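Common to both upcoming complexes is chain A, partnered first by chain B, then by chain C.
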Partner chain A sequence: MSVSSLALAQTLLNGALLGCLFGSIALGLSVKWGHLGVADFFHLSLTLLGAYLTYSLVTEQLWDPLLTLLVTVPVFFVVGVAVQWLFLVLRAEPFTTLLITFALFIVTESVASMVWSPDLLNLRPRLSDGFTTSLRFPEPLPQLAVQPVDLLALVCAVLMVGVSAWALRRTRAGRAVQAMRQDADIARTLGVRVVPITLAVSGLAASSAAVAGMVVSLRMPLSPTLPLQWIGIVVVATMLGGLGRPLGALVAAVVLMMIQNAWSLWFPPQWAPAVTFGVLFLFLAAQPVRRFVSEATASRRLA
Partner chain B sequence: MLTTSLPRLRGLAATACAALVLSACGGVVDDEGDDNDAAADLPDAELVAPVAGMTCDEGATPTGEPIVVGGSLSLTGPLAPTATLHNAVAGLVTDWVNDCGGLDGRPLEWRVLDDQSTPGTVTSNYERLIGDGVDFVMGPYGGAATLAGAGPVSRAGYAYPTATNGAPDKLIGENHFPAWQIGGGVDDPARMFDAQADAVVAALESSGNPPSTAFFATAKFPTTLSYRGAVVEALEEAGTEITGDLEYDLGTTDFSSIALRIQTADPDLVYVGGLGADITNLYQAFDGIGYEPRSIYVALPAPPAVADLGDKAEGMMISSIYEHHEPLGGSPVAQYFAKSYSEVAEEEGVFPLVETQAAAGLAAWQILLTGILEAGADNAAVIEWLNANEVETVVGTLNFDGYNNYGADINRVAQVQDGTRVLVWPEDVSGAEIDYNP
Partner chain C sequence: MSLLRCTGVTKRFGGVAALSSVDLAVSEGEIVGLVGPNGSGKTTLLSTIAGSLPVSGGRVEFAGKDLTRTPPHQRAQAGIARTFQVPRPLGSFTVAENVATASMFGRHRTGRVEAIDRAHEVLEEVGLAAHAGAQVGALTLHERKFLEIARAIALDPQLILLDEVLGGLNPSEVAMGLDLISSLRDRGMAVVYIEHNVRAVSSIADRMYVLNQGRNLADGTPTDVLDDARVVEAYLGGPVDA
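Showing the complex of A and B:
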């Protein structure tokens, strides 16, 4: 099948922009998994709840979707703090937190069904043309187009991931988080206030779910089972990008979606999700080889 | 003193600009949605008996032991959007019968258990309901669930009415009474989707402009794949060239590559073997590349997904057995059901207009209620009576002859015309002629 280079460019562009949305969702998961040791599946549920809350505020209060963040971000911060506080009170081991967040993931689906109904809810028909009309590239590429919602996903991803990466590397609090990750007891001995920082990181991760949820509500029809459609790409991006590395998760999500879309352009689209997991398999399979090579290189240097 | 570096200021300025640009996208349009308006426009209807042969004694209070009907429905999980609708219909019918003085004077009671969209739970739910001594059962929603429930229901000798299920070649038994079976009118278990495929082709040919080329995009789901296979064959026999045929994973949200492949082929007809919100996501991808399909047929879309497309859905063709208009929608039963259902559905948060699923739900209850009225509250007698007689339902007259009691073919084709879904094939139930000229 012959596919023009423009079609390829368009599909790669679409994949990259959708990858930004999944990268935004993966941000909170990556930070909590990498720095707090919590593989937080409830983060996906929070994203869904953020989308539903945005939907309700937009359709019932006629708020601008961006303004809904004034409510959802602080509320989700509190939820994130509360969940992490629960883990601290329970002195939960990582495996226990995994079970608890998975249970919350399942419960949230039922709660969303009860509150918003299991039927499809679509915000798109309520949005003004400014949100839904595609924007054409200027000459010499007028055939390429992007949707404003996808641009919003790009901006949100760049802002959230950029600020997270910068804060982790450049601020005292960020360095404290990194120290906690390496050894919480020693960090505490050296004066790092572990509990407040842990709660704050969890709250901020949950806040990022509110932002990602807002974009989700604009981007796709909502149903309570929607997170099951993201879970593969988000978890794989989190792992490929390196736990606790926001930029890595974003880049991985973008690359994965571009690969999926390019695959679907030439090959049977039903295999696209398998490609994602195939990439993860190859990545994991390559780790022993990579470790062997790096150890061999190090010992050669020592010799 | 607060000091701020220049790069930080630049970052803040860029963020503020981005926020302003995005805000300029605008906000919401105060639009309540056409589906809600259409439901509000339904005329008031008088209370009538839900089935033929039953008298409606409004104001009479049913007395005695209730007739309990138990059912397993997927109130949570991926099947919940449609199963919730069937639960709403069950509740409505129960109230309806009791408002009419009950079934032979006895109150009707509906007892539902959630199977969480898991077939294994369906089996245990029916075992539990039968163990609890329910008088009758109503089938679940979905092919796998229907098959899972058939074992305990058939072993216990219960009648097994079902609304819709997509397991047409699987033998359930003489106690199975489907309101809509895709394999209706077909005798060969290997050709169970032929009737529906023939309906699609006949509808297109009735326009006088059948498609020369067609492109198929189908969700990886047993019913949609079988349906697609039969339609491909039928269209090829009718002389249509298939220019593309691809499958996508269930739950796909990004259709941009598929949309590009359709745009490249630019067929007369795009056949989407889609479920749920697939059509919404596909149209979003079409919007993204500025492509407008010449014509489109969708197998099993969620009703709100079609309604939310607004003008873009104009001319879209859909598999159907019922749309609310004359002649099927003109009966007093259909009128009362449409009005009552819109109110109940609003409360439940499901699509408020009666279409295939809600109508099939009512028809399944009409089958059961008619059997009880005619044969008494005894499962063996009901099974015997239903196997020997026809039943008048909202979707037409049903019989339970032929393979697996599937009865006659009631596969129909609807089209969105002037913003409303209307049956366009076959002629005896159509509300308008098909408008098709790709």
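Showing the complex of A and C:
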């Protein structure tokens, strides 16, 4: 089967933009996993809850989707702080936090089914044309089109990931987070206020789920099982990008979704998610090789 | 008035008492040597002063305030700095970034750029300026120990707690270290200095405390303490400076 280069370009573009959405979801996971040591599956559930809340506020209260952020972002911040506070109070080990967030992940699916029904809920018919009319690329590529929602996903991803990456590297608070991740006792000894920083990082991660959730509600029909469909790509992007590196996770998500979409042009689409795990497997398998090569070159330099 | 006053400090790990009602007082601008056999509780006492370990009983007062229940980061900001017996640099930071972290979050909470400048000054002072941009993994033991000191200095403390910072170093490195520690006193810091090498401690200490099995054994001027028969006996019955 031959595929026109135009179709390929459009497919890759769609993949990249969907990757931006997954990159925004991976942001919170990466930061919490890398810097707080919490592999937080509940973050995916929060994203789903953010999407459902947006849906309800738009359909029932007739709010503008973007305005819903004024409510969801602060509320989720508080939720993120509360969850981390619970871990601190329980003095939870990483494995305990994994169990708790996994339990919350399962519970949220049931709660979402009860509150919003297990059926697909689609916000798109309720949206103004500005959200749904696809946009043509300017010359010289007028054949390519993008959805406004995908552009919104791109903007949200770039803003959130950019600000996080910048803050981690370039601000005092970011230095504190990095010191704390390396050795919390030493950080305390150097005057770092570990507890407030931990709570704030968790709160901000949860707030990012509110933003990602809004994009989700505009982008796809909602169902309580969506997190199960995301978990593969989001976790793999988080790991490939390097734990605690939001920019890495975004790039990985974009590349993975481009590969998945391209795959679907030639091969059975139902296998596309497996491609993601294939890439992770290759990456992990390459680690010993990479180490061997870098050691070999290092020893040659010494010799 | 003392800058630091520990009264009846007790620390139990499970059923084992590592410290039993230990007293210690340090005045401004003095070097207090803290010695004792292995496992006598020196590091534990230092940790209770810095707040790294909560006490099981007793009081820790600093600059007239009761800090017994104060968390370690607040003690750092109040002016207490400590080093670790086994150096614990932040591994993914450079040498300068390690030191800058202390200056950013310590007593004067400087900005990021200012902190790096301050870090370079401190590294100059401890003789690590050439390694400012190096990864900590590349440092020798002697350099790691001096990095511990540099990080403590960068907090700009009133009291600095040094835990065997010269252990395992060669004689010329020890001499450099002793000069550095004396210079801290000269600019007004109080120092609590733990060292196995009793002769080294007694050469710069104004006063000394001896711990044995978690209890005060003796204190006083270095000469008095080293002449004390109980101290000689605690060190396995041998002469102390042999």
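In the analysis below, the second predicted complex is superposed on the first by the 303 of 303 C-alpha atoms of A that agree within 3 Å, B and C clash if a C-alpha of one lies under 4 Å from a C-alpha of the other, contacts with A are read in each partner's own complex, and residues count from 1 in each chain.
Methods note: a residue touches a chain if its C-beta (ideal position, glycine included) is under 8 Å from a C-beta of that chain, and two chains touch if they have at least 3 such contacts.
This structure is a prediction, so every number in the text was calculated from the model and none was measured.
Considering only touches as defined above, state whether A:S217 meets chain B (first), chain C (second), both or neither.
So A:S217 meets neither chain B nor chain C here.
Touch check for A:D185: first (chain B), second (chain C), both, or neither?
The answer is second: A:D185 touches chain C but not chain B.
Using the superposition on chain A described above, determine whether A:T108 touches chain B (first), chain C (second), both, or neither.
Neither chain B nor chain C is touched by A:T108.
Pick one for A:D129: touches chain B only (first), chain C only (second), both, or neither.
It touches chain B, and chain C stays clear.
Quick check for you: in the superposed arrangement, does A:Q84 touch first (chain B), second (chain C), both or neither?
neither
Looking at A:T171 after the superposition, I want to know if it touches chain B, chain C, both of them or none. Which is it: first, second, both, neither?
In the superposition, A:T171 contacts chain C only.
State which residues of chain A lie in both footprints, the one left by chain B and the one left by chain C.
none
Show which residues of chain B lie in contact with chain A when the two form their complex.
My answer: residues 15, 18-19, 22-31, 33, 75-78, 80-81, 83-85, 220, 246-249, 251-254, 256-258, 260-261, 263-264, 276-277, 280-281, 284-285, 287-290, 302, 304-305, 308-310, 348-351.
Of all residues in chain C, which touch chain A in the complex?
50-52, 71-73, 76-77, 81-82, 84, 88, 90-93, 97, 100-102, 104-107, 109, 111-112, 151, 155
Quick one: which bits of chain A touch chain B in the complex? Just the residue numbers, please.
Its residues touching chain B are 1, 3-4, 7, 10-11, 14-15, 18, 58-59, 62-66, 109-110, 113, 116-122, 124-132, 134, 145-148, 151-152, 155, 159, 220-221, 223-225, 228-229, 257, 260-265, 268-270, 272-273.
For chain A, which residues are in contact with chain C within the complex?
Within the complex, chain A touches chain C at residues 170-172, 175-176, 178-179, 182-183, 185-194.
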